[in-house]
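Below are two complexes that have subunit A in common, paired first with subunit B and then with subunit C.
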Partner chain A sequence: MTAKVETAMEQIEIATGVLVVGGGMTGVETALQVASQGYAVTLVEGGAEIGPGAESRPRGALPDGADLADRVARVRASDRIEVLSGTRLDAVAGLAGDFRAWLGTAEDVIERRFGAVVLATEFAVKPLFLGYQLSPGKAVIGQSDLENRLAEDPAAFAERTVAFVVGFAQNGNPLVMQRVFNSVKALQAAGAAGVNVFVADLKVADDGLERCYREGRDGGALYFKLKAAPQIATAEAGVTLTFPDPVLRRAVNADADLLVVEEALEVTAANADLAAMLRLDLGPQGFLQADNIYRFPVATNREGIFVVGASREARSLAWALTDARNAALRVRELLGDGKRSVPRDKAVVDIGKCTFCLTCYRCCPHGAIYWLAENKPVISPVACQGCGICASECPMDAIQIGGFRDDEVQGRIGAALADVNGDPAIVAFCCQNSALAAGEMAAQFKMPLPAGLRLVQVPCAGKIDLQYILDAFVKGADGVLVMACHPGNCKSERGNTYAGWRVEDAQRILAGAGLDAERLRFATLAANMGSDFRAIVVDMAQKIQELGKVSQ
Partner chain B sequence: MIVAERKPLDEINAMLKGYRRVLTVGCGTCVAVCLAGGEKEVGVLNAELQLVRKVNGDPIELGAACVERQCDMEFLDPLEVLVDHYDAILSMACGAGIQFLAERFAEVPVFPAVDTTFIGANRDVGWYEEKCRACGTCVLGMTGGICPVTMCAKGLFNGPCGGTNNGSCEISNDQPCAWYRIYERLAQQNRLANIMEIHPANEWRNQTPRTLVQAGYRRRKEALAS
Partner chain C sequence: MNSQTKKVMVIGGGIAGLTAAWELAAAGVEVALVEKAPFLGGHAIQYACKATDTCQQCGACGVEKMLANVVACDRIQVHLAAEVASVSGDGPFTVALRASGSAPAGAGACGAGYDADPQACAAGRGYSVHNGVFYGPDGSFDPRRVAAPADTTVDAVVLATGFVPFNPAEKPTYRHHELANVVTGLELERAKRIFGDVRRPSDGRLPARMAFIQCVGSRDERLGHLWCSQVCCPYALRSALATKHKHPEMDVTVFYMDIQNTTNSFGAFYDQCKSALRFVRTIPVDMYEAPDGAVRTRYMTEEDGAPVDEIFDLVVLSVGIMPGADNSALSRTLGIDLNGDGFFARPDLLNTSLTGRSGLFVAGTAGGPMTIAGAMAHAGQSAAAVLQYLGRASR
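Here is the complex of A and B:
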């Protein structure tokens, strides 16, 4: 049942300028990397200057070798990079290869055309005193404050005892731990009398962190791994931390001259606005990237919009710089030499039928649909992923997907059912990213499958139209399976969700028409789940045996 | 836009009892936009009818068509050649479209497949809110752009009434008080004085169907009539 797709291609011209948003370390590196691929870059920074002033990573999260000044100088010297500081990103329209951005300066709003956008936004550094019911003071300081003092006057820490609390006021992460480990070593180098770290979870899943931790410990630092934060009593001269010792089975006190409280590196409040403007799905903790196993690390749900560093995760600078190089490669892959060959029929809107209801625009998970004032919706062949969610939601059937036009799919449903003789007929609509491969695997491994089972391939479960499901029953199916990817595994973000909703709707309709709603089932699979595929279809066949064939 | 809701299959099937050849006609304007009666919904409804008739052992022959707007006679012309073949028409348009279809093809029974619900706005896919009752006397200029005829349970032109209840209406805590919202909006715009002006009562009694001829077309209509 594999659809044979013969696609006519066409050449289109796309813009090759690249907009980089954010002038901190990551943004500057991204601009350099993209420019080194030969593209013109516009680097936009909201603050007064790119470089150190725009960088949000605290001193302790910037390794010693992080030479920002040198990078800024290279940006300034590059004839491919235009720097616009003191400039806001006011609005962005259009799609991959043809973005329009409005950049607001103090005096003016500039409109520019870009082929791709890279977001290199910064962190918000949030002290977590409140998480420990503390307020900063002489004996209680934040991690950033410690890092600054250590850099400016390390001798002040000689013969002092310092305690850290980390991981109790937030879910710890390697970046937070890295700062603590580095400070521990700096304190030891400064001749501190003792360093005690009270920690919930030691997160060391990053390059060199385990070593960094051990070096501090070998230098005499004590780590106390506790289930809950220690009780903290503050006084003018220092703090006393009380915690249960599981070996001694009693509470133990530890005094310190100075208590250092952890900080969170979070997204800024501007992230949500940026996501709304760019139609990006927000990910965990508000970062500008939803999880999707099909995507390269710096990709988003929108083709041509990439996220690097603090835009997408709280990790070390080394990873952010890797992101910058990665983004440059993705940009080159997308923009090439400005000419792209795209399928002519990837998704075609019948303008005569279209009633401009905006359903497609609202449903597209890739933000691949826009409209022009003088026109009806336009689906970008560059940004469109061909999932068909729009086509299956369109109330006028005005969108057709190449290789999966409604008449083609309905023809395949009819053809599939035509040669079922006597056995209960089961049509399984299979997403080609998962269930189809699982079904083919089950067949290749000669797993026994119901004789009346017929597979109908769809590009994504989001293409399984309510009407396809009902048509299958009209054309003689006794049961229908809608087989999608697992939750969170959909290549098109929400195709499986749409399919699930439509199955619920169709079950209601079937019940209303006097058919048992059990004749329609929704299942999720991964491509390697051949035997699960078999189990699902066999179970379905048994159910249909119980219910009998639909009366003719 | 006019918003409509698909009738339950049972009700439609009951209306079509005894009819063997039915033409389902969608409308490509308001009811398509509100996902109730466009080409897709015509296909889905026909599939439902086919299934229910198949289960009941009472097969039905169904035709499908979708016109640009059922409330314009010219768009009904293409149906002329189809209608003869059918013994009933099922219209998925709003009440206006259904009546035009019934008027145009007076010899064939025309049945409604949707309930025309309200004049509303599109909040999101499949999600509509009533905004206007077509009272014919728009006061939105005085009420901060919030319609008291639609939003107020009493449809008061002058409010709030004594039943306003900390932002809610006396009929339910879930129902916001229209006039409280109007007050807030006017206050936000520094034009609270508007709320003090008394708007004369609308003539709600003895309403007959309204006919409107735009000012520039009155002469033409008279000329055509004579």
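Here is the complex of A and C:
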């Protein structure tokens, strides 16, 4: 059932330099890791410093006692790493193995060629005073301010009462929480008279945080978990917080000399610009990675562009460095020794048929198509994922996908239907990333499946042409299923969306031809769900049973 | 590339071990993958999809994909139902393997068709279509695909022996097993994967009222478990939302202390949860028998502390991530420390794949709680650390 693809390969030369954007600790680690594999690295940082000076994780969110400076020294000492501080990434063109970047320094714009790009941008730390209708003052400060003061003059907090509000102006995350827990402990060490933390949810889902929280609590800190922020009255000498007490069943007051307001760790505006420049799908909260399991951990929709640390999530430095090492692995896999063997026919444009409409360029979810000076679309065999979306969308049928040329797929539809005898024939077009495995699972586990069911593999549901669907009916199918990944689970982001649209179009055509539109169904499922596959096909078979075979 | 081929042993074939093995093999290293159970994929190969109309990014189907990569890779030699008996040397290491005593279900698995005994069939075939290559026609191991336990010399070792889900027998008032319709999160996942839907163990019916109880065994001072398992809020909420989406008439309640985040989409996801599910901020601990297989529980309300009696058709205990059963034995065999919680210690704050001993690395939940996505990233880091250790990292 699985199509065995025989393809001619060709050797191509690719650039092996690597551009790392962002000079915080994650960018520094990425540069070191990539350079240790023998690649030349250009590390670009907008600010003047790299390393701790460019790191956006506030001091309260950094691990205690870790030697960060040493890594910067190693970057400086490496003859494979070029550090360009005070430099902007102005523009990027090209594709994996052949990116061209323009780097703007104070004096000049430098043009360079790279094989891969790693984005290690930082976040912005944003105080959330507005979320509590407060403004900073003597008695109301932000978390960063507290951390700085605790580092500079802890004695100033002796005998003082400090309150925190956290989780009411944002959902928050373990990094936000870790800062509070650390400050609580530092206040206790400084001899504070009392610490009260007003919190929506304790976000303790990272290493050691539950313990850190308990240490503060055992040291006398009081935690009040509330559904809504306490009422806050500010005065020159301090604040009064009012909140419902579930035990006493009435509103109670707590006074504090100082109220510490939580901060958000947000992406910077630069992310949106980078996404536009690099044709990346912007993810939730403005991170540079879509929420899609195929991007785990450091991939983007574009081959050769990787995202690490704060560019993809707000998490601890340890996890950000984990990303850096994963990015180095991916870079190595992509760039190798600079020679790559790629299939000749992964996706090929027949220029004779092409009318230069740009459809393919626009719809390719992986940014794998580029435009030559002589106005010709060319598909990069390195960047192309072979999904076939472009082939199915091209109005001229000018693109063919290796292993899934139109004639091959149509031949398979015919062959699949040839041996259905008597039973209602159902052709299921199965995305090889989800439905195919689920279908094979159902068969291997001997789940009862309709006798006339035949599977036709496609590289992505986005490759299911309108023509294939109609062809299946012409060749004798009584029903057709288009089986794709759940929305948000498509490796090519939108292949399932395109497939759904084509099903709607085909249903209209079927209805126009006097066939019940119910003979064609669209369904989504995951690779691990043989039982879902079974339910979908059995339901379909029942429907076809009701409708009867198509009378030819 | 280094001309001399290096060999690495990966102990444990869950998502962390699979990922480490695959990354190492991709870099040209020979891998011996040792798995105690008769199938690869560990816990996560048993989980169900939690999509509603859209994918909820639980990561379970990603495990399927990594398993497919591994079984197709000829640089990875797989030992199933095997475990480490002894290790000697300081790199290279000589590892003696022995049979773990577990065995595939053998003949009969799926023999009479899936519906004759879905659980036995799924378990007998290792829950996944990709484990199929390991079994011969009679359901026993195919010796061409499953290497016999033998002494092996390797240049480095990755420990990816994972976790055990909390055993609710340690909290007897939940009366897990004693009451048929008190199940663990793992049992729910497995049942959803096998049957495609939620079912009550007592009678196979769809529950009308279902409750999830969070933090069972985690964040528990009495048990000395001072950690958040990190995965049980995500899995319970996703599972609850998917179930509610499929059966809008069902009442689904979540009893919790604090809700932990899922992915970057958490805000939107949690809003959806808040409108579809009922959240009660308390953790009930006592379960009683109620008519018709139902389960009665008592708790105090969050608002005014009033006592409430409630009845559910199905109660799911959101069990968390506990240190692996073999951790102390492995710690002695390999000469590496455990931390105070019983997971493998990771002394380097900035590289959590390193153990205290050179040549030995840790990957995934063997070192502490993490999600599937986390375990994949962590195992990638472990593979990178191994490559650096082997000196193969330079081209």
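Criterion: the second predicted complex is superposed on the first by the 541 of 552 C-alpha atoms of A that agree within 3 Å, B and C clash if a C-alpha of one lies under 4 Å from a C-alpha of the other, contacts with A are read in each partner's own complex, and residues count from 1 in each chain.
Please note the rule applied: a residue touches a chain if its C-beta (ideal position, glycine included) is under 8 Å from a C-beta of that chain, and two chains touch if they have at least 3 such contacts.
Note that this is a predicted model, so its numbers are computed, not measured.
Trainee: Return first, second, both or neither, reflecting whether A:Q545 touches subunit B, subunit C, both chains, or no partner chain.
Mentor: Once the two structures are laid over each other on A, A:Q545 reaches no partner at all.
Trainee: So, A:D201: does it touch subunit B (first), subunit C (second), both, or neither?
Mentor: second
Trainee: For A:D397 in the superposed arrangement: first (subunit B), second (subunit C), both or neither?
Mentor: first
Trainee: Using the touch criterion from the header, give the chain among subunit B and subunit C with more contacted residues in subunit A.
Mentor: C
Trainee: Taking the superposition on A as described, I'd like to know which of subunit B and subunit C A:A526 touches: first, second, both or neither.
Mentor: second
Trainee: Looking at A:T268, would you say it contacts subunit B, subunit C, both, or neither? Reply first, second, both or neither.
Mentor: Neither partner.
Trainee: Looking at A:L466 after the superposition, I want to know if it touches subunit B, subunit C, both of them or none. Which is it: first, second, both, neither?
Mentor: First partner only, subunit B.
Trainee: For A:T355, decide between first (touching subunit B), second (touching subunit C), both and neither.
Mentor: First partner only, subunit B.
Trainee: Can you list the subunit A residues touching subunit C in their complex?
Mentor: Of all residues in subunit A, those touching subunit C are 33, 36-39, 63, 65-66, 171, 173-174, 201-211, 214, 225, 246-247, 249, 283-285, 287, 289, 291-294, 296-298, 312-313, 317-319, 321-323, 325-326, 328-329, 332-333, 336-337, 433-434, 437, 440-441, 444-448, 485-489, 524-532, 534-535.
Trainee: Contact residues on subunit B for subunit A in the complex?
Mentor: 8-10, 28-29, 32-35, 38-41, 43-44, 47-48, 50-52, 54-57, 66, 122, 124-125
Trainee: Hey, which residues of subunit C end up touching subunit A in the complex?
Mentor: Subunit C residues touching subunit A: 23, 26-27, 45, 47-49, 51, 53-57, 59-65, 68, 110, 113-115, 121-122, 125, 128-130, 132, 193-196, 219, 221, 226-228, 230, 233, 257-261, 263-268, 270, 281, 302-305, 349-353, 368-369, 373-374, 376-378, 380-381, 383-385, 387-388, 393-395.
Trainee: In their complex, what parts of subunit A are in touch with subunit B?
Mentor: So the residues of subunit A touching subunit B come out as 353, 355-359, 362-363, 393-398, 465-467, 470-471, 473-474, 509-510, 512-515, 550-552.
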